[in-house]
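Below, chain A partners chain B and then partners chain C, in two separate complexes.
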Partner chain A sequence: MKEKNDYEHSKRYGMVIDLDKCTGCGSCMIGCYTENNVPFKADETNKLDSINWIQVYKLTNGKPYPETEISYLPMPCMQCDGEGKLGHSPCVSVCPAVATDYDYSTGIVSQIYTRCFGCRYCMAACPYHARKFNWWDPVWPADMEKYLSPDVSPRMRGVVEKCSFCFHRYQLARNKAYYENRQTEELGEDEYQTACAEACPTGAITFGDLNNKSHAVYQLKNSPNAFRLLERLETNPKVYYLSSKKWVRRQGDNYLANEEPGLIKKIDKQHH
Partner chain B sequence: MNETPLIPAGVKRCSKWQFSLWMGAVTAVLIWGIYAMFLIWYKGLNQTNMNDAYGFALWIWADLAVIALGGGAFFSGFLTYIIGKDDLKNIINFAVIIGFICYSSALLILAIDIGQPLRGWFIFWHANVHSMLTEVAFCLSCYFAVLTIEFIPLILENPRLAKKPFLHHLSHNMHGVMAVFAATGVFLSFFHQGSLGGVAGVLYGRPFAYREHVFIWPWTFFLFTWSAAACGPCFTILVTWMTEKITRKKLVKQEVIWLFAKISGWMIITYITAKTIDTLYWALVTAPSKGFTLMDFYSSPTYNIGLLFIEIVLCGFVPGLILITRRGRENSFFLMSAVILAVIGVSLNRWVMVLQVMAVPLFSFNDWYTYMPSWQEVATTVLPVAYGLIVISLAYRYLPVFPQEQELNPID
Partner chain C sequence: MKIDRRNFLTYTTAAVLGGAAGSMLTPAPWKLMDDVSIWTQNWPWTPVPEAGPVTHKQSACTLCPGGCGINVRFVGTRPVKIEGLKDHPVNKGSLCPMGLSGLQYVYGPDRVGSPLKREGKRGEGKWKKITWNEALTAVTDKLASLRKSENPQSLACITGSSRGTLPSLIGRFLTVYGSPNLLRPATVQDANEQALFLTQGKQGTLGFDIENADFILSFGSGILDGWGSPGRMFRLFGTRKSEQRIIQIEPRLSNTAAKASRWIGINPGTEGALALGLAHVIIKESLYNKNFIEKFTFGFNDWTDDAGITHTGFATLVEAYSPEKVSQITGIPKPLIESLAREFAASPRPLAINGRGQGTLPGSIDESLAMQSLNALTGNINQIGGIYIVPEQTYAKWPDLGMDATASKGMQQPRIDGAGSDQFPNTRSLLNRLPGLINSVKGDSPVQALLVVDANPMYTLPDTAATRKAFDKIPFIVSFSSYMDETAAYADYILPDHANLERYQDIPTPAGMAHQTITLATPVIEPLYDTKHTGDALIHIAKSLGGFVEEAFPWDDYETFLADTLQDHWSDLKEKGVIEISPDSKDSAVLSFNTASAKYEFCPAAATRQGSKDSNAPSAYTPAAIEGDEKRFSLLLVPYDSIRLSGEQIANSPFMTKTVEATVLKKQMTLVEINPKTAKTLALKEGSKAVLTTPKGKASVIVHLYEGIMPGLIALPRGLGHTAYSEFLAGKGTNTNDLIGSVEDPASGFDMAWGIRAQLSKA
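After this line comes the complex of A and B, so read on.
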């Protein structure tokens, strides 16, 4: 948090997830597990102590058949810009040992596993439950250890982990650009993509620099159907969602009975 | 050769076998807690029933609760040494011992609670000055050192230790400068008690806990400090009363208890008034601005609106009003009822600010999160209680804790 924030000009990597396209297949979760060496348990029945960096939620409109509608909502770490978009993400400011930090050059919230001492204050601070604790030592079936990614360090028992927007891929892309004598700060949209975005069979997940007009996410986030989760908490997430269904957009945040999501958004924008 | 007795002169204590039996029973509970503690350190936090939704649970509540209840130490120090309420010198030793037990327990609980106990020192070495927990850790450690310094002269007053000239003079001189440490303790307590309020209050991603504008600073900080200063003395009175019942002796003159209770009562009344204002602003302004109604936070069978009533009215205004009226506090039934209600009230406040914060769902597609502690969590939470009983028992037996004991219980 020592660097100066240049919110408008630095990169702000983010995601736009089209819920109309998401089938809830879970490929994003599987892609993430393999890419990031995410540990799993022999029995994954209890989801509250499972580790996943992206979790697919099932939403329903609550109406009986035949009016029942379902939507699936994949939820990674929101990489919040925080109140006032100053990089004071809910989790970053509370970590007592600076084991999690906001990178002003990319907008990505990091997690330093060897610094974390497992107080779990960040988990209490995160409204999205994006942070997961290693309740056990990670154990992979013997043969699987050979398939672990060498680019991502496995985590030890007693520390918190979370989605990093596959930051190691960003580093690899920068390395490649450097060796090719290109500007490391000017990566093409395709050069840095997250595993979940690549794994999605329906192309529901679009990843890129929210500040870069040539990136698809720049336009997508401005769609009238775009919304972010729990926007009213002013966490300023960098993950946007698209849904043509009003009831889905409403479930993305909390509203009083007499409030309309669209109207509240406009008031909030005027307020800021 | 006649050796100086271990038990202070002029007071009567139970027989050795009676004491050993009592200590044996309490030690058995202590060992159970220690076993659970080592199990957690060895096998990890998977021994608990915490989960990713309930990252803060029973221990953090116990931590906040004992720190609040141990507030009697700093507040009695403040009243005795800074305000000059000399009568409270008759209870301050005991308040310091209770504070020492509470704060050492809090530090132990924190050491058990962290996932990587060997990295506990990171909080000091890699300190994030923006984190409330950092401030709590620093102030808590410093204040525990102050409490230890406050406790030492009392330990040195044991007749066998006091026989040694160096220790006798050390104790005497430490007593002489105790006002400085009492003032330091008050200063440090204001910081860490306040920061503990901030731990939940700054969580702007958790609208149940979040307080904005003036209601986070200084309001929430002072609410926590204030409530500890208000209810800590009640805990001191309660433990004194329990000690009197167990030992079947009057140990502190009732006038001293009444004075302490009266001050505590006024503190409770002012605290709970401020808490009510805080609750009203939060319920009517903060929560609706985030899309929540008050009842959204109390829609669970466990966490229902009754809790708010119990905390503010039953365990807030009721004990406060009893203690500020002479008739109330001078009636032993009402006095002890008020004291117990105040202790429950502040503990409930800490419970709500830790566990209910975790339980409240933030999405309409999520349900309330539930949690039931494992036996290891219960055992490690009971551990400080057993440890406290042992320290109090040893202190009462071997140290002149209560200056009025001799006068109130003359030996024929």
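After this line comes the complex of A and C, so read on.
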């Protein structure tokens, strides 16, 4: 039975990444690897088979020396709300095994490895390349299995995995709240944070409930410098980016020469 | 029944169809399919990490000298994650990729699990496991025999740094043993220390109050690429005030340049000239801090000594560095030089910082002096938002050393590397000179035994081939490394130290910090393997050597030594993990200088100016004599630093290598960055395979076109090209040190080779 979408009252966890503060150091990736038992291989230079739940991309304005500028763009799973914000995210809509699902109480798109049989429809459907396939069984050499975290199950060959917004941390925070006789609604902003947000050494990643006015992300997402990736597709990602540079915001979507970034946001507002 | 072809087909078809239909009525296929699907959902080889109660233990990261506080998350007795420690004064919760992946160093495949003795040829990788007793006896016997032959000075020790109590313990050991040859790599901190000593007459390291500066002029310092303490620098960038401006000057658009308020491209190696050019404009337009210059400095104007000889003052010196001339040298347009000088001088708290990339190259003293003169012109000495002297860590006094005749004689021998000699009186160590000096000696090597502690010179020293040749001449090499690095792989014995998280280590003020801190890394886990703290190993060897050497070490073990040495601080450190010592803010201390003139001296004393004809000439700009013939090698190779790679003694973790972009490493090959314009003249395209040649060597590389690099340059990342370690690092890419040699600064002996001439041709 499908849960009802009580969009106004449920939590909608999301992220705002300030690209002006992102230095491209890669700490978010490593914070994520260590939190989520992400495996590694001897050769990780083929990025198509390299498993990353968050990946830092490098953008350039393409101008010649010395006018060149670069900006880094970390990309976790966009946790799409889908068209009309009804939870029809592209991957959930195509999964034949209900291995990926939209959680109406948090807005988080799950991935259940033991249900996944590796058809990879979700990877084809995802416009953000956020999903990665386990072509091989993971191997932790020497004594490395000893440092694995019990909070996230290691995956196996033949399944798809992706960023979960560290959902296990939400579960732990929720359990703690229950134990302390508090309601889940009362979860504080700092009680549930993703590993990448915590690992970011410059504080470029802000995480919280986009529906909660007291959370930092609520204000940040309304900044004039805020944008989302491929907004035209109406996938309604819950990951927002901030950049003071127009050329960076332009790369958030496939704009025509005569279009201005931010145009889609305006159209979006008129629609809804 | 006659079976003909028709019948046969009919009956067979009927049998097959009937059989198929029949089998559908039995549960067998359904059961089988169910079993198969259940079977495919079993992954006995996939680990199921054991659960347990979650706890946290605080310690410090020891993977680089950055000294960041860490918080280790435990599940039961297992550490599962390292995170930044929020209330640590250095990093305030921020950590770099290396620190975050710290557990991979402990549990990874690069660890040396027990003492090893070499079996095959050097570097062949054939080892015999031996006991600690055998290992320590072997080393003790060798050291005893060198003393017996009255040759104690032929023992040398290479450490990663001279800071902290372990290097002090090693220093004490060598002294009482009779060898002055304690060597370590020099960094920009050493060059800045000398500049400080020359201008202010004080011993200490140079601290930068980046927290409070409002205009940061960075001469190629990778403040977001691993310069100083990375945790601190990232935190400062993330929390900086919006009015703080960062101007990054370097020929390549690094991550720091990308994040700076402004990036200014400059011809490589000419940063010193720019500093003098900026000083020229500031003085000419009278924008300097007149109060400070008049009252607290010496040598700004021309001066006459007691003998009646007139000397050039700083103001006269920089007259030669007009914006026009500096523009020609640096390639920076004249108006930009002028406006930069004005902005710098007009800012309330401007700060010039130096050290290219991560600051691992010391550079010349002239360069340091030129850059520090900018801070002096604005009077930003020991001021908020300026530079500070961070005093050297003082330790409790140890019992006096008794020395026998052998030790005294050995200690009177000059150092092998020439540091502290008449030629380089203020320099403490010149590891970069060691391979060349050993190779130039005919016959026996002056180093007969070498101990390597927390260092990997076979990888980190420039000119790898020369280093290997020199090491071949050393008959006895002992590595105390925790990991199978290049030097350990080339050693005769490995006496493995505990890894990070397993051992005590005190960390003095990290590079660049403006005030003094002492951090203690406390072991949070039991040693995983049969390893021993190097301090304990050395105390054991000292005790076995007997005589005065034994007497010099009354401590039972390293922990007792550490507690004794840190005395007053020990209990505090054990409890809190870190101590902050506030700078002396009294006016008298702030502007007191220990120079001959008791002032800040723009034109330091003669002793350092060996290379110059006028022995009293002030600092000037002398370009480094970069190796290579311009006709044969039309391009310049410059190494660059990245926070995702480590070019230092502790190499990349598998996770760090995993984050390396496909534009930096592709399978086993490094990508070099060149400007598309340069590529065009060489008929190279994106992804072309090419051969990179320098006077030092050759490497196969892939071409990556990058608009963000000055035409005519080739950029190569530091931290790749390892030959040792496991498959997660070995054989990936090119080591910059294979291709670049060392160029000596005539005043200090420091390495000032920011690059080398090179050629790139289609493979």
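Note that the second predicted complex is superposed on the first by the 268 of 272 C-alpha atoms of A that agree within 3 Å, B and C clash if a C-alpha of one lies under 4 Å from a C-alpha of the other, contacts with A are read in each partner's own complex, and residues count from 1 in each chain.
Basically, contacts are C-beta pairs under 8 Å (C-beta built on N, C-alpha and C of every residue); 3 or more make two chains touch, one makes a residue touch a chain.
In this text, all values refer to a predicted model and were calculated from it rather than measured experimentally.
J.: Based on the shared chain A superposition, would you classify chain B and chain C as clashing or fitting together?
T.: Superposition check on chain A flags a clash between chain B and chain C.
J.: State whether A:236 touches chain B only (first), chain C only (second), both chains, or neither.
T.: In the superposition, A:236 contacts neither chain B nor chain C.
J.: Examine A:136 and indicate which partner it touches, taking first as chain B and second as chain C; both and neither are also allowed.
T.: Only chain B; A:136 stays clear of chain C.
J.: After superposition on the shared chain, which partner residues are touched by A:106: those of chain B (first), chain C (second), both, or neither?
T.: neither
J.: Give one of first, second, both or neither to describe whether A:155 is in contact with chain B, with chain C, with both, or with none.
T.: second
J.: Once the structures are superposed on A, label A:31 by its partner contacts, choosing first (chain B), second (chain C), both or neither.
T.: Only chain C is touched by A:31; chain B is not.
J.: Could you say whether A:206 touches chain B, chain C, both of them, or neither, answering first, second, both or neither?
T.: In the superposed model, A:206 contacts neither chain B nor chain C.
J.: Considering only the touch criterion stated at the top, classify A:193 as touching first (chain B), second (chain C), both, or neither.
T.: In the superposition, A:193 contacts neither chain B nor chain C.
J.: Going by the contact rule set out at the top, does A:145 touch chain B (first), chain C (second), both, or neither?
T.: second
J.: Contacts for A:126 in the overlay, against chain B (first) and chain C (second): which applies, first, second, both or neither?
T.: In the superposition, A:126 contacts chain B only.
J.: Let me check the overlay on chain A: which residues of chain A are in contact with chain B and also with chain C?
T.: Touching chain B and chain C on chain A: residues 46, 50, 58, 60, 137, 156.
J.: What does chain A use to touch chain C in their complex?
T.: 21, 23-27, 29-31, 33-35, 37, 40, 42-47, 50, 52, 56, 58, 60, 62-66, 68-72, 114, 137-138, 140-150, 153-156, 198-204
J.: For a test of understanding, state which residues of chain B touch chain A in their complex under the given definition.
T.: 44-46, 50-56, 113-117, 119-120, 122-123, 125-128, 130-134, 137, 199, 202-207, 288-293, 296, 357-358, 362-365, 369
J.: Any idea which chain A residues touch chain B in the complex?
T.: Within the complex, chain A contacts chain B at residues 1, 46, 48-50, 57-60, 73, 83, 88, 90, 93-99, 115-121, 123-129, 131-137, 156-160, 229-230, 232-235, 250-251, 253-256, 259, 264.
J.: Okay, in this complex, where on chain C does chain A touch?
T.: On the chain C side, the touching residues are 41, 43, 45-52, 75, 78-84, 91, 94-97, 100-101, 103-104, 106-109, 111, 224, 230-231, 234-235, 237-239, 253, 255-256, 258-259, 263-265, 528, 643-644, 654-663, 665-667, 675-677, 707-711, 726-728.
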